[in-house]
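Going in written order, the chains are labelled A, B, C, D, E, F, G and H, and every chain counts its residues from 1.
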Amino acid sequence: MEQREMKELLQQVAEGNATVDEALLKMKMAPFEEIDIASLDHHRGIRQGASEVIYGAGKTPAQIDKIAHTLWNSGQKTILITRMSQEAAETFEKDIPFTYYEEAKVGLVGEMTAPKQKGYILVATGGTSDIPVAEEAALTAEILGNRVERIYDVGVAGIHRLLAHAEKIMNARVIIAIAGMEGALASVIGGLADCPVIAVPTSVGYGTAFGGVTALLSMLNSCASGVSVVNIDNGFGAGYLANLINNMEADK
Amino acid sequence: MEQREMKELLQQVAEGNATVDEALLKMKMAPFEEIDIASLDHHRGIRQGASEVIYGAGKTPAQIDKIAHTLWNSGQKTILITRMSQEAAETFEKDIPFTYYEEAKVGLVGEMTAPKQKGYILVATGGTSDIPVAEEAALTAEILGNRVERIYDVGVAGIHRLLAHAEKIMNARVIIAIAGMEGALASVIGGLADCPVIAVPTSVGYGTAFGGVTALLSMLNSCASGVSVVNIDNGFGAGYLANLINNMEADK
Amino acid sequence: MEQREMKELLQQVAEGNATVDEALLKMKMAPFEEIDIASLDHHRGIRQGASEVIYGAGKTPAQIDKIAHTLWNSGQKTILITRMSQEAAETFEKDIPFTYYEEAKVGLVGEMTAPKQKGYILVATGGTSDIPVAEEAALTAEILGNRVERIYDVGVAGIHRLLAHAEKIMNARVIIAIAGMEGALASVIGGLADCPVIAVPTSVGYGTAFGGVTALLSMLNSCASGVSVVNIDNGFGAGYLANLINNMEADK
Amino acid sequence: MEQREMKELLQQVAEGNATVDEALLKMKMAPFEEIDIASLDHHRGIRQGASEVIYGAGKTPAQIDKIAHTLWNSGQKTILITRMSQEAAETFEKDIPFTYYEEAKVGLVGEMTAPKQKGYILVATGGTSDIPVAEEAALTAEILGNRVERIYDVGVAGIHRLLAHAEKIMNARVIIAIAGMEGALASVIGGLADCPVIAVPTSVGYGTAFGGVTALLSMLNSCASGVSVVNIDNGFGAGYLANLINNMEADK
Amino acid sequence: MEQREMKELLQQVAEGNATVDEALLKMKMAPFEEIDIASLDHHRGIRQGASEVIYGAGKTPAQIDKIAHTLWNSGQKTILITRMSQEAAETFEKDIPFTYYEEAKVGLVGEMTAPKQKGYILVATGGTSDIPVAEEAALTAEILGNRVERIYDVGVAGIHRLLAHAEKIMNARVIIAIAGMEGALASVIGGLADCPVIAVPTSVGYGTAFGGVTALLSMLNSCASGVSVVNIDNGFGAGYLANLINNMEADK
Amino acid sequence: MEQREMKELLQQVAEGNATVDEALLKMKMAPFEEIDIASLDHHRGIRQGASEVIYGAGKTPAQIDKIAHTLWNSGQKTILITRMSQEAAETFEKDIPFTYYEEAKVGLVGEMTAPKQKGYILVATGGTSDIPVAEEAALTAEILGNRVERIYDVGVAGIHRLLAHAEKIMNARVIIAIAGMEGALASVIGGLADCPVIAVPTSVGYGTAFGGVTALLSMLNSCASGVSVVNIDNGFGAGYLANLINNMEADK
Amino acid sequence: MEQREMKELLQQVAEGNATVDEALLKMKMAPFEEIDIASLDHHRGIRQGASEVIYGAGKTPAQIDKIAHTLWNSGQKTILITRMSQEAAETFEKDIPFTYYEEAKVGLVGEMTAPKQKGYILVATGGTSDIPVAEEAALTAEILGNRVERIYDVGVAGIHRLLAHAEKIMNARVIIAIAGMEGALASVIGGLADCPVIAVPTSVGYGTAFGGVTALLSMLNSCASGVSVVNIDNGFGAGYLANLINNMEADK
Amino acid sequence: MEQREMKELLQQVAEGNATVDEALLKMKMAPFEEIDIASLDHHRGIRQGASEVIYGAGKTPAQIDKIAHTLWNSGQKTILITRMSQEAAETFEKDIPFTYYEEAKVGLVGEMTAPKQKGYILVATGGTSDIPVAEEAALTAEILGNRVERIYDVGVAGIHRLLAHAEKIMNARVIIAIAGMEGALASVIGGLADCPVIAVPTSVGYGTAFGGVTALLSMLNSCASGVSVVNIDNGFGAGYLANLINNMEADK
């Protein structure tokens, strides 16, 4: 029941057109709708930017195609499609502006958003096999309008490679640290940086890497403060959260 | 070697009061300290505020007492002691200003910091048993100079209790969602809020709650975007990270 | 040994046609059969309705075909085939009435049963990927003669979508709550409803979703009362149990 | 806002003692409470009967005492206290009618409810060590107004002991099957009975019993239909759910 | 109903002292007991010997005392009490012959059974910490009337210690191999012996010994044939099974 | 070094044909061989019968073919090949007597062994999907010269199906109980039988069946005595061990 | 910044050619590089020998080809390629000396290194299925310039097979013990040898072998001293570490 | 039978003081001891040094006291007692030289061994809570005659603290890296050092540290080469292995 409807109902009671009991019953029947439209938006989505997201996994190429076109036709300027298969990209109807980022399995309908800010989100990976997840994170952040810096293959076993980027790390506004295997990258970066660090474990590794569980556990136990963790291989989630943090308005 | 000391040393070289080799040797003797204060602070610590943190677990009351007094005497204005036992609090030498928050097992040396901002961090729990972890998070954030709002015992099984706070949720700058058992609170809050949500699983529950693992897994798989997770019962980590996010400067 | 046989045996002893030892031996030889026929029916099956169930997984198309035809020819009016592959459906001999529900992988021999009741079983899912399991549950219940209402893709991250169905939830006689990922749907529905809630975790998700284990654990730890859980992806089991509950006769 | 209060408010509007806007504002201020008592009670609780439940674990004796007395004084006729420690029972202020069931750790304020029905809930256990959980389940059901039959120590290793109760099993309206170790009781009972079976794994056993996890897994994989499972040692949950099922009104 | 009773009942029928219906009724009243002693004894127990077993864990000293005295007074010659606490042994009423084996936590009422056979069961342990479990196994087998040889602390890390007993291993009729930590003893003994090997993992070890799980897994994966496994620390189970195997009658 | 050789060596020393040091050296050089040939046979193998076993998994069809032919040509009368793929069976050179049991994936070179005994090993399964493992067990036992009785698909959910075979169960010399899902079959059979029961968990089931782990845990925690367990799907191991037990010579 | 550069910078300051602030800035700008080149080499690599390693997994044939050729052309004499697929080997441009070891999936560019030492590394396996991992370890060690002895298929179930190699075991300088299933080989070898033992669990086995986890746990709990463990199937890691140990210079 | 004794026995045979049969018998009586000292010592123990080890866990103070005194009286110069409780140390009979290292729970009978070498073993820990394990490792190595350097509390979250010791790391002959929580120390040190690194996970941490399992998994997946792992908290094992490696003789 919307606020307007509730007002009308009260009005009817006030005017004697509805009894108290009738009104009471009506309110009980539609308990939450009044909140629905007023204060909770439909898809949460991505309100700060002008973007909409389609989660491609488990959707057929045809479904993705249709949703994307519908959104575009309803005026959406930028549409991000994650976990989009090569096949879905190939069969996508190209009558609207479309770019496919193969490594990240990300599709973009519309133009790439120009960065709205000077500061940057840093996306770092431990190895080269982590790059697909990193690109999903980086492109998500870029499409949402953030500047992104990338430093890839800077795993802790060659700590000097990472330290060579110390300045870039220390100047970032938010860092996304992506690693499989032992996932130590998050701790080392967390120790170097002042800013929030979002750790993304990846399913890279074999044997006791357990498909990313070891990296996840390692990251959750990081001895560095300021580190939090998202699900294994969840590049989108990290990029989305980094965008939220990077766009915090200064408090007054 | 702090930046100031390094400058003095260079000054001495420039003035001929130290030879190049003497300076070089001195720098090598303390190989990284010169970088230490300049770009990497010693304990990472808490630079935005004037606070220092002592992790009380595994330290004897005497050790905590000594470290706290040393820090205080060296001019530290606010010292946060986490996981401080009742016993450590009782035997603490009260010749310096000291407050003990029993439920949170948090000790504070010095005065409580006044909030530096208008906006607030929201700390929410699923049940009453989660409150100790919540208070650790809330006090950490407060001592670091943040305004904190608390809504406790708003678990999803009585969803209306949570929804009654919908406005408070939607207006928060950062939310810390704390829950044991099935940990669904993080998802529901994540679905209501626009801001970053830090999920803290707690070891509350029995049987298949597995000491917080179920809540952790649930939170990592949250279908809401913008949610990240810290270790089980890690209230301090959540409060610290919330402080980092809440104090993001606007990007220019 | 049935009661009748036992009586005859005792009769023979009474009449001197059997010795005590002969009778004793005979009783020892067939230890449990007397219970067997009398009190334990052969396949448990589905006695309330007129239906028979074939569990299709691990059976060849030919085996399914043969069993179904045999049951039909022996007079069975409705035969439910679960986990029936596309291939088994295609090669099924269509000389008897047969419908295949592709999404649910359910085959139905005979006509769909008309609902015997006014009240309904509600089948709800967190996402669209949970629909195949949901359809298995819903069709099982329908074929057993229940009215079923479906509300799909009402996951807790968009809590208002779920609340929009609050009335449908509160009026259901039994609810089947189906979700993967963090499985919070069961708790939220359990908090809204008065009736028994059967939670079905699904293998939807990735990484730490662990093929449904996270959803399962979450559901087992539901802070709402009145919730019980079945195996991962066990739509049939939920539909079957819901039918049992929905058809409880009023106690006198 | 309770139903009564909402009625009064509407009354005031009807009588002109409150304007429509005043009423609307008041309703918005307490956004969900108006629905609270009407359609969603505060603790979900136990609406069919006249009972209220206090979960004693993690509450101090004093807290339990106070809540129970408050409820009693506000007119509550029957109050069930689960997981109540011996100490809490001993220090409980006995100025109101109070009974303590030591084995089940259940406290009852008020008189035991007389069964409202002829049919019964059957509570069965595999061993004697499962009895505390069984008694929690049985007393919960009894206090909620159900007839309960108990058959204890009928584990499947002595299958004849269980079969001796075959008639009692087949005539039950709902069965709660409680077992630790290998938890096979649920499957065997599920194979004998037509009615819904609620399986409760217990933490009884050693070594690979893993504190009830083995029994839980066994029950989730029951080859019998009509079986669902609750958390380890969750006697209350089983008793509560059994009550819901046992009190299903016949559908019209 | 024991065999003797059943015979008497049949006798009464044969003699006309009981009608067929009276007998039938009596049999139905105690539905399975008639089979009970004949083909299924009440506690399965230990039929070959004259022993009865009381599982002491979870029973109070008083309960153990009472059960043991009752069994003794009903004519039981040998009663084995497993997992009997020091306290239960001390308070045990010593008016009947009683021996307590402290290390094994085994109590014996009556005299130790003389071995009925020439061949022996070999009980071997990897370390000295496994001895309590080994003694439970050995005493169980001895009380059931078997000869037992013990070789303790012959872990595989000092393989020569084990090989020094090669002859004893090769001449055993059944071997119980007991080990914690990596549990390799079962494989090595399994490779040396021709006879059935019962492997008992123990909870000895630390860290990744995981309370016996590592030894268990190791034993289940033994590359030697003829090895089977019982639950962690289940000395009684191994001794009981060894007795069954050792007393196989030669097939004719 | 065999006893005879050692004697010769000592003889040489006694006769002055070898110095003390030469003898000492020789003994050190061949540290364990004296045991090797004397008391430890080369492949353990299967000495009671005339059979040899080839474990087919991980061997190419050509390797299996070659090993089998070599063994046959060296006089081996019966050769059992386990886990032999369809392909290996098809390409097997049929110039020697060869039978392939497709369901069990067992190959037999030579003639099936006639049972050497009157008593039988009983092989029972919970479901039809367990039959391949059961056939591996049964054929192994048969080829080793045992009589085998099979009762398949007698899972505990239809307990009467199992009880209908009670006599066969009680008369068996050894029982192999094979089940997936909740694995309760072993406990129920263990409760009915007096003889050793070898439990084989199978990887049958889905979701929380965890590829046989649930059945394994259930079997390890069997409340019945006399039950031991082998690895998941290890039909051969069970058949081999059953053969060892069934052929125990009577002790004198 | 290398030591030399830092000296030059200080020199400039001393000579007035750089101001103190200029020098300070320069040092801050390149915070760690001075260590980088001087003391940390770029890829750690394999400095004792003249070898370079390419980890082939996750690289395309073309990438491997390119990296190998580049290294060769830059003067590298020996290049080891691990986890190189059959396909990558076949398409490898053979204009430079190249050998492919199919079983080990190891590629070698350049000539096999001649052993630099008399002593040897022993590589032992429990079964034949472990040989691929063993060959990866052995070839890694050989290419790095070590003598390697191999004893394969000496699992502990036929302990005499292993003991027949006792001398070879006792004379090794380092041993790599490789086994799947129950992984007991490491303990037995550890008990026979004086030298460091590197245990490599393999993913060989089925059911509760859990892809190598059981062997890993077994090895970590080895009751023999001097044993350490690497990741499942990590033959390269073991070979590399064995090379490090084998080439320890005598301490002076 | 020690080598010396065997020689004497052979001497007696050579001199006619013992017959061949007497000698043979004597050798058979102690079947493997003759090999024992020659090729396999009794407890493997610690042959390079003059030390003997007593594993104190699970031994009573009296047992430890007795074994230590027996060893001392038989001429042992240095006896290392690990996991020795405070109580055992206090009640230890001080009539022989005895030192107790409380933090490490290590007892030493005899004098501390002087280092036999110039090079050192480096023992590093991530935090202060890891020190007890580190001291067990360090003291073990020292008592075995090694020089040990310690760098404690150099966890990767403050990477500069670790880098300050880069020279010490690069000059070590063997490194023992000890850490709990996320265990990243091993990877970072492994990336800095050329020498073998023995990683010891500790049970330090909470929540998902899982008693050291997370650190263990992290270390097993180290992206640095040259790292191997021992059991959780196994300081002794690491110290013992480090001693073996540190004392490798140069190969000729």
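Operating definition for what follows: a residue touches a chain if its C-beta (ideal position, glycine included) is under 8 Å from a C-beta of that chain, and two chains touch if they have at least 3 such contacts.
In this text, all values refer to a predicted model and were calculated from it rather than measured experimentally.
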Please give the intersection of the contact partners of chain F with those of chain G.
-> E, H
When the contact pairs of B-H are compared by residue number, which of F-G, F-H or D-F has over half in common?
-> F-G
For the chain pairs C-E and E-F, which is connected through the larger number of C-beta pairs in contact?
-> E-F
Chain B and chain C, separation of their C-alpha mean positions in angstrom = 50
Per the C-alpha means, the centres of chain D and chain H lie apart by a whole-Å value of 56
What is the distance, in whole Å, between the centres of chain C and chain D, each centre taken as the mean of its C-alpha atoms?
-> 25
Counting only residues that touch at least 2 other chains, which ones in chain C make the list?
-> 31-32, 35, 40, 44, 157-159, 163, 166, 191-192, 207-209, 213, 216, 220-221, 224-225, 231
Contact pairs between chains, per stated definition | A-B, A-C, A-D, A-G, A-H, B-C, B-D, B-G, B-H, C-D, C-E, C-F, D-E, D-F, E-F, E-G, E-H, F-G, F-H, G-H
In the complex formed with chain D, which residues of chain A make contact?
-> 3, 6-7, 10-11, 13-14, 16, 19-21, 23-24, 27-28, 31-32, 35
Which of the residues in chain C end up touching chain A in this complex?
-> 128-129, 157-161, 163-164, 166-167, 204, 206-209
So in the complex, which bits of chain D are touching chain C?
-> 39-40, 44, 47-48, 117-119, 163, 166-167, 170, 173, 191-192, 194-196, 198, 216, 220-221, 224-231, 236-237, 240-241, 244-252
Okay, in this complex, where on chain D does chain B touch?
-> 30-33, 35-36, 40, 42-44, 57-58, 201, 203, 211-213, 216, 231-234
Residues of chain A touching chain H in their complex?
-> 126-127, 155-159, 163, 181-184, 187-188, 190-192, 205, 207-210, 213-215, 217-225
